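In what follows, a single structure is set out as structure tokens and then discussed.
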Amino acid sequence: MIPVLLILLPLLTGTISFFIKEENAAKGWGLLSAVLTLIVAVAGIYFYPAAQLSFDSAWLPSLGSRFTMSMDGMSKMLVLLTAISFPLIFLATYKNQYRNAGSFYALMLLTQAGLMGVFVANDALLFYFFWELALIPVYFLCSLWGGEKRIAVTFKFFIYTFIGSLMMLAGILYMYFQTADHSFAWQSFYSVQLAPEKQSLVFWLFFIAFAIKMPIFPFHTWQPDAYEQSPTATTMVLSGIMVKMGIFAVIKWLLPFFPSASEQFAQWIILLSVIGMLYASLIAIRQDDIKRLIAYSSIAHIGLMSATLFTGSRVGLEGVMIQMFNHGINVIGLWIVADAIEQQLGTRKFSELGGLAQKAPSLAILLVVMAFANIALPLTNAFIGEFLMFNGLFHYNIWITAVAGISIILAAVYTLNMVQKVFYGNTTAVTSNATDISGNIRITLVILVILVIALGVYPQPMIDLTKDTVGATMAGK
Amino acid sequence: MSITQIMFFFLSALAVFSAIMVLVSRNPVHSVLWLIAVFFAISGHYILLNAQFLAIVNLIVYAGAIMVLFLFVIMLMNLNKESEPNKHIWMKLAGAISGGCFLMVMVSLVRQAADFQGKEALVGTGDIGLIKNLGKALFSNYVVPFEISSVLFLSAMVGAVVIGKKE
Amino acid sequence: MPIQYYIYLSLALFSIGIIGVLTRRNAIIVFMCIELMLNAVNLLLVAFSKMHHGTALATDAATTAGIDGQLFVFFIMVVAAAEVSVGLAIIVMMYRNIHSVDINFLNRLKN
Amino acid sequence: MNAIILSALLGVVMMFSGILTKNKSVLKYIAAVGLLLLIAFNVMDTYAIFKFDIDSRGLLSFGKFGLYFNTLAFAATFIYVLLSGSDIEKAGINVAEYFALIFFVLCGLSILSGFNGMLMLFLGIEILSIPLYILTGSDKRNLKSNEAALKYFLMGSFTTGIMLMGIAFFYGATGSFTLNALPVIPTTGMINPSFLHVGGLLLLFVAMSFKVSAAPFHFWTPDVYDGAPSVFTSFMATIVKAAGFIAFIRLFQTQAVALGPTWKIILSIVIILTLLIGNITAVFQQSVKRMLAYSSIAQAGFMLFALFSSNDLAMEGILLYSVAYSLATIGIFAVLIKMNDYTFDGFNGLAKSNPVLAFTTTIFLLSLAGIPLTAGFFAKYYMLASVIKEGGSLWLVIVALFFAAVSVYYYFRVIQAMYFKDGDAGTAPISGVFKLSLVLLAALVIVLGIFPSIILNGFYF
Amino acid sequence: MSKLVYLVPLFPLIGFLINGLGRKSLSKSMISIIGCGVMLASFVVSLLVFFDVKANGATTVELFSFIRAADFQIPFAFQVDQLSSLFLLIITGIGFLIHLYSAAYMHEEEEQHFGRYFAYLNLFVFSMLLLVLGANYVIMFIGWEGVGLCSYLLIGYWFKNDQYNYAAKKAFVMNRIGDLGFLLAVFWLLFKLGTVTYGDVFSRVSELSSFDITAITILLFVGAMGKSAQIPLYTWLPDAMAGPTPVSALIHAATMVTAGIYMIARSNILYTMSHVSQTLVAITGLATAIFAATIALKQNDIKKVLAYSTVSQLGYMFLGLGVGAYTGAVFHVMTHAFFKALLFLGAGSVIHAMHHEQDIRKMGGLKKHMPITHITFLLACLAIAGIPPFSGFFSKDEILMAAYSANPIYYYVGLGGALMTAFYMFRLYSLTFLGSFRGTHEQAHHLHESPSPMTIPLIVLAVLSVFGGFVGIPEVFASDAHSLEHFLAPIFAESNKLAHAHHLTHSQEYIMMGVSTALIIGVIVFAVTKFKKAADVNDEHTGIAKVLENKWYVDELYDTVIVKPLHLLSVFFKNILEKNIIDGVVNGVGKLVGYGSRQLRLLQSGQVGNYILVMVMVMVIFVLIWFNDLTIMNFLKKLF
């Protein structure tokens, strides 16, 4: 029952939110809903019997699709990530002004419902449904509340990902007709024995969808633009959670079904991912815009995850699992900082910023922690993930690891560039009147920083949480 | 060559010639007249094929009623002179060529059809075309479509009224 | 008569009708050419009807096989008549508005 | 048979009610009641509760599928009349006659869902088409309407000629007009498709492709849909087109065996051309109405998949597709008719001036684009699934998906105009009932998007 | 007592938290009391631990399981043994002194920044302690990167100055390059052995192939190069002098930069088993020693001279490690920590007095103004120059002797370096303290001896610099007097067993010591006489001197070879590849659709005739397609 609750709660509150006219009421409602969802998620995962974590009901009997949901370790973790992120996002952007705040929060909550659905669905058709449900509200969010070029940019993003998901739909259909019992259930897909030569086409159909979502090089060009133009709250959802959909999907809906194709194409995907890491890192070095920098940095990080996914290494997969969570936390933190700066100073250009550390010391300190988490400094959460992932990559090939490792150097270069240009040096015309962050942002960032450090010092709970998924994925057929 | 064959070829030549004249006549009234000639030739074929009922109906309905309607309209619009501007020569050529291609392809298709080799259309004999037999069939097996075609006429009538009526 | 002759003849008439549709600009003439096409079909149907009748006669003297072909022609004529009334009404309506029956005038709707 | 008789009768009734009352809205309600009656009688026919048992001598045969399609089509027409019925008077003064013609079209539609031979096919198509020629030209003072009517009429008649030639060939080869007539070698029982037979079917294929506006026989569609009064475009593009598809499939279901493998090649070419031309050309249209015309071509491309695969999924799918597509298109046209300006710019800022209209239009557009949670998704889903089920044509599916993505582009342009652009989209006065009906229709689209089985179960029970 | 070892890093951590969080509310004196107090507490515990280890031997303290992954597990454990306890003493001891010194030195700072400074400093000590205490390479790596972070923060402490920020960034990035090597070595170990815990690794080292060992040790050494500023990754250290001087003393002289030596000493068994790596270490160390010394000859910034001297001295330590003199290297770490910290603090005292003037050409004659600083500085100079019996003599001698026995060329080159060291140190000394004052009147007016919190550490360190060498008296003077060697023996036991030691005869040693001491004294005399008058103060340098002054143009070389191409590449990626090619393709599809749309629209010409024409033509084509496998084509051919 828990998964259904996790979807229904934001869905219903979101629908109600459409009708809330008053801005503060909408904000409060959104926050309340997100906190409730968090409570349900935490209670469900840690305090309720495991039987409550799955749900099964008839849906489309003639199609062989059931309303089936279940939560394994990975789902739990991503559900937790989603549940934690939304209250924090709402809190951090609490003071931002929105036209039609009711609709804004409604769409955000619908996105949350979609995300939850993606992470718990155990039926391919249902999965596809939620996959799209998560996308549509984001389209509206970005187009309605985004930056200057929002319409074109969001549209590109939408079409791009839509093409991907249509490919996936074709793949799902193909798999469906291969199942013995003509069912969309995960188990049925899993038990399909596809001949290796047949796997490759379907594999790519699925993979392209996921690759666009993640995104990995060279399918990434929608991403920096979309991140730059979206309202920051949405960007946080996009980069913090939605890109994890791609990785999640690869682990749950790709690797187990097409073992031989995954192996066959692993080297190409890893190569692409690693190229993408370096490529994105190098581009990030030259960025003059905080949001774009974070976007490219995110591409680089995702590249590492996608490369590791295909190494077939157990340790690597463990790393990917916890890194999904960690990257979500970290990148949301960075966006909050970016948003705080933009909201206050009205610019995101490094060339116009500087010396903020004098004016906003709390922001500076919290950003520095997030920045160092971004470059995977030990005792921050990202270190654990990257350590395990590089380990996995190392099992695969040492040279690839060494080349990929260059990205951690480059990460230091661009992240410190950002820190330096925004916070250090002398104040500029723009920053001379800056003040420190407001309480809500401070609280959010402090929570995030505590999470960063706590998970960096004691990551074991996260590793244990996803153990079963790793085991199941690595077990193969 | 029997008389029927001679008649067949004569009527065919007449039909084709008149049909060609329909297109090449500059004056619409001439076209109508040539078309009536085609209808007569076709009716002749019907008679050859012993389909007297259709031959008569063809003359009455087509040559008599429909063509007169056409003539009326042409007169009404005062189009009885060579007023039509020429179509672009390339368009004409393209039209003729594609029409010719269509003919060629279809003819070659029929030429290849082995199952028609040696089959004949019964000429002169056979009484299915007689009004008695046709009538019997029409009001037994074909009564449903016959009734349904009344709907067609109804709608055509309504249509003509709707469109023709002055507002 | 060999059935091919009829087929060729009616195909020839049909194609002349098509060529007429393609080469003339006067809507009435175009419409007449369409009528010509229909007549070609009628002729072919009658010929086929007689052909099938002939084939069936060889085994059964009392057969009415082939009669449906001729009835079909009858229905085509019925429909043609209805169509003509509507068609001419439309042409007249157009003439009232633009004082022309040239189909090349009709190009407000394009792209 | 109930449907044919009753719809013809209702046509006559409408004609007379035009004489008896001058009140236009009364006519609308009479038509609506008539449609309800029609639905009721058709349902009675379906379950053999009450039916006119007329022996059609094998010319008509009503299966469950055909009758069910009738029900759905009548229901769609009912919705259409409710939403757009009062806008019919915008097209011209002869409202009663227009309703009559609509009923005659429905009569043709009922014939097409049950024809069993070429004669009834021919009659059905003509009964369907002739009223449409008139409806297209009903706005007599409007040159566009004139032009559309004449174009439609000329091309339609020409196609009738082609179709008749095809039927003649068919008759020549098989000696019969019935659908399941196949030239069989008596000794072996093998199907022996003769040249004439195949040639005839080819011509029939061309003619039917024209009717369902499949490329490259689609040329009439944009011009006619654009030129015709919007309220009739809505009807033509939805219910009539669906009837065309039903006839098309019915015609080729049994005959496909005679056609051999090349049939699929030709059909693929037509499908791809249709998708290509429909989708690509729609991208740069300025008028929403014309865009919808092209989109209807594009949707036809998808519906052709049912013909391509011709399996049970395809049959279920074409029903669902017809319903999903018709509902969404009727909804959009109902909104479009209310707009002062039919261009994309005319929709600018509709979300502000009239959120309900904008929201429901969005739902309809999403459904047309095939986004999940709307009926349009399952429609497309069934089409693609039926093809994949046949196997071997995955490439065709991928091409179709690409074009589905393109279709998002132009459908979303409307959404962008409504929500993201500033402007004052002017509309005619909009009644509360209209809004309510729109919302209900949108809800229906969504419900069907979650539980498509509502439609499909009706097919089985 | 060893069980309480976690207190050692815990105190600085607490100090970091208190000072960091309370930097706005706490007063300066409170901050310095907390900052110094935690260090003192730490030092006391370290002492206890040290004696405990001395008495009871080594133990491992496991706190909790850090990572328990599928293939391996990494505990958060502390290794308490001779080596780490010695380093604990150095770090906390010198750390305490420098904290104390800082309290006075940084007194001009605002409270908030004062608190920040102490927080960073405490955090650094915490990280450094983790580095040396860690019982496996991963914990070491945590400290390893942690000290890098603190170094970054402290170099960029005055963050308003962009120059300093660049230096900080440079330090961090160069460290990261090394860290990548370290990390790869860790992965390699995990891959091959499934463990990174020292005990397991060293006991199972025989399972590794010699290629593995060489690769791992070289990768580890890359890490050491970054952290301990060896060629080619040394350039950050001189720039790191941008930080406050106490920081330079603590981090960039006494502790952090010796992390590489600690690491190699810790992994001695691995290095001993790979001759290739050992040679590489030795040669790199030697090269760095000489190279940095040459640069130091011509530097005019007091801290830069010391920085290059540090690089050079680190080179000696690596030489020692490379030739198997692990004890010698650790010994030199210790003595170097004393005298180099002293030198830096002395320099700090001078800079303090000179109002942040660092150019030695503008100093001179400070002897009479700052007696304590002068004396302690002189003692440190003597120690670093290697004059017996100062501490530097013993440790350097031990390394050079071992180098000689490994390869005499090492010795000769090393001796050359030592002479240069003596020269530039006394050049520095003379220019600063001797002669007459060359600064402005303003500065001259304010010259004063530093306050006691600054001079006390100087004195303590001077004492240590003078007498610190006596823990490692070579055998040639007294047998069994090398107490450090005895103490560290368990750590290097395995290596020593493997190493084929061939000792020099006593007479050889005496001769070498005598000659080298004589040469050094000669150089000192030459330097003092030459620079007492500050002869070359304003000379325009030419030729080799100019090259030296510009540090062999290494920074410029790196700039052209690595930094600029990388930037060009990223500009190319950003502006051309990303925008025009990758995104161009994506947008191109869209544009193609748009173009296709505009073209396809034209098909819809509006002319009925055209429409029908297309229909007819398509019909013809369809028929042709349909029958193409049949004879229709042949027939058509016949027809024409």
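Here are some notes:
Just so it is clear, A, B, C, D and E label the chains in written order, and each chain counts residues from 1 on its own.
Here is the rule we go by: contacts are C-beta pairs under 8 Å (C-beta built on N, C-alpha and C of every residue); 3 or more make two chains touch, one makes a residue touch a chain.
Small disclaimer: the values here were computed from a predicted structure and weren't measured.
Following the contact convention of this document, A, B, C is the list of chains adjacent to both chain D and chain E. Taking each chain's centre as the mean of its C-alpha atoms, the one that lies farthest from the centre of chain A is B.
Compared with chain D, the chain whose C-alpha mean position is the greatest distance off is E. The pair of chains sharing the greatest count of C-beta contacts is B-C. Core chain by CA centroid proximity to the global CA centroid: A.
Centres computed as Cα averages put chain A at a distance of 43 Å from chain D.
Between chain B and chain D, the centres computed from C-alpha atoms are 32 Å apart. Centre-to-centre, using mean CA coordinates, chain B is 102 Å away from chain E. Rounded to whole angstrom units, the spacing between the C-alpha centres of chain A and chain B is 71.
Contact of a single residue of chain E with at least two other chains is seen at positions 601, 604, 606, 608-610, 612-613, 616, 619, 623, 627, 630.
Residues of chain A in contact with two or more other chains: 159. For chain D, residues that reach two or more other chains under the stated contact definition are 119, 123, 126, 130, 133-134, 137, 140-141, 150-151, 154, 158, 172, 195, 199, 222-223, 409.
Applying the touch definition to all chain combinations yields A-D, A-E, B-C, B-D, B-E, C-D, C-E, D-E.
For chain C in complex with chain E, the residues that touch the partner chain are 18, 21-22, 25, 30, 103-104, 106-111. Interface residues of chain D facing chain B in the complex, by the touch rule stated above, are 4, 8, 11-12, 15, 54, 56-57, 59-60, 92-94, 97-98, 100-101, 104, 107-108, 111, 119-120, 123, 126-127, 130-131, 133-134, 137-138, 140-141, 172-173, 183, 192, 194-196, 199.
Those residues of chain A that touch chain E in the complex are listed here as 156, 159-160, 218, 220-222, 279, 282-283, 285-287, 314-315, 318-319, 355, 357-358, 361, 372, 377-379, 383-384, 387-388, 390-391, 394-395, 398, 401-402, 405-406, 408-409, 412-413, 416-417, 420, 423-426, 458-460, 463-464, 470. Those residues of chain C lying in contact with chain D across their complex are 3, 7, 10, 14, 17, 21, 27, 30-31, 34, 37-38, 40-41, 44-45, 48-49, 51-52, 55, 65-66, 68-69, 71-72, 75-76, 79, 82-83, 86-87, 90-91, 93-94, 97-98, 103, 106-110.
Only residues 609-610, 613, 616-617, 619-620, 623-624, 627, 630-632, 635-636, 639 of chain E touch chain B when the two sit together in their complex.
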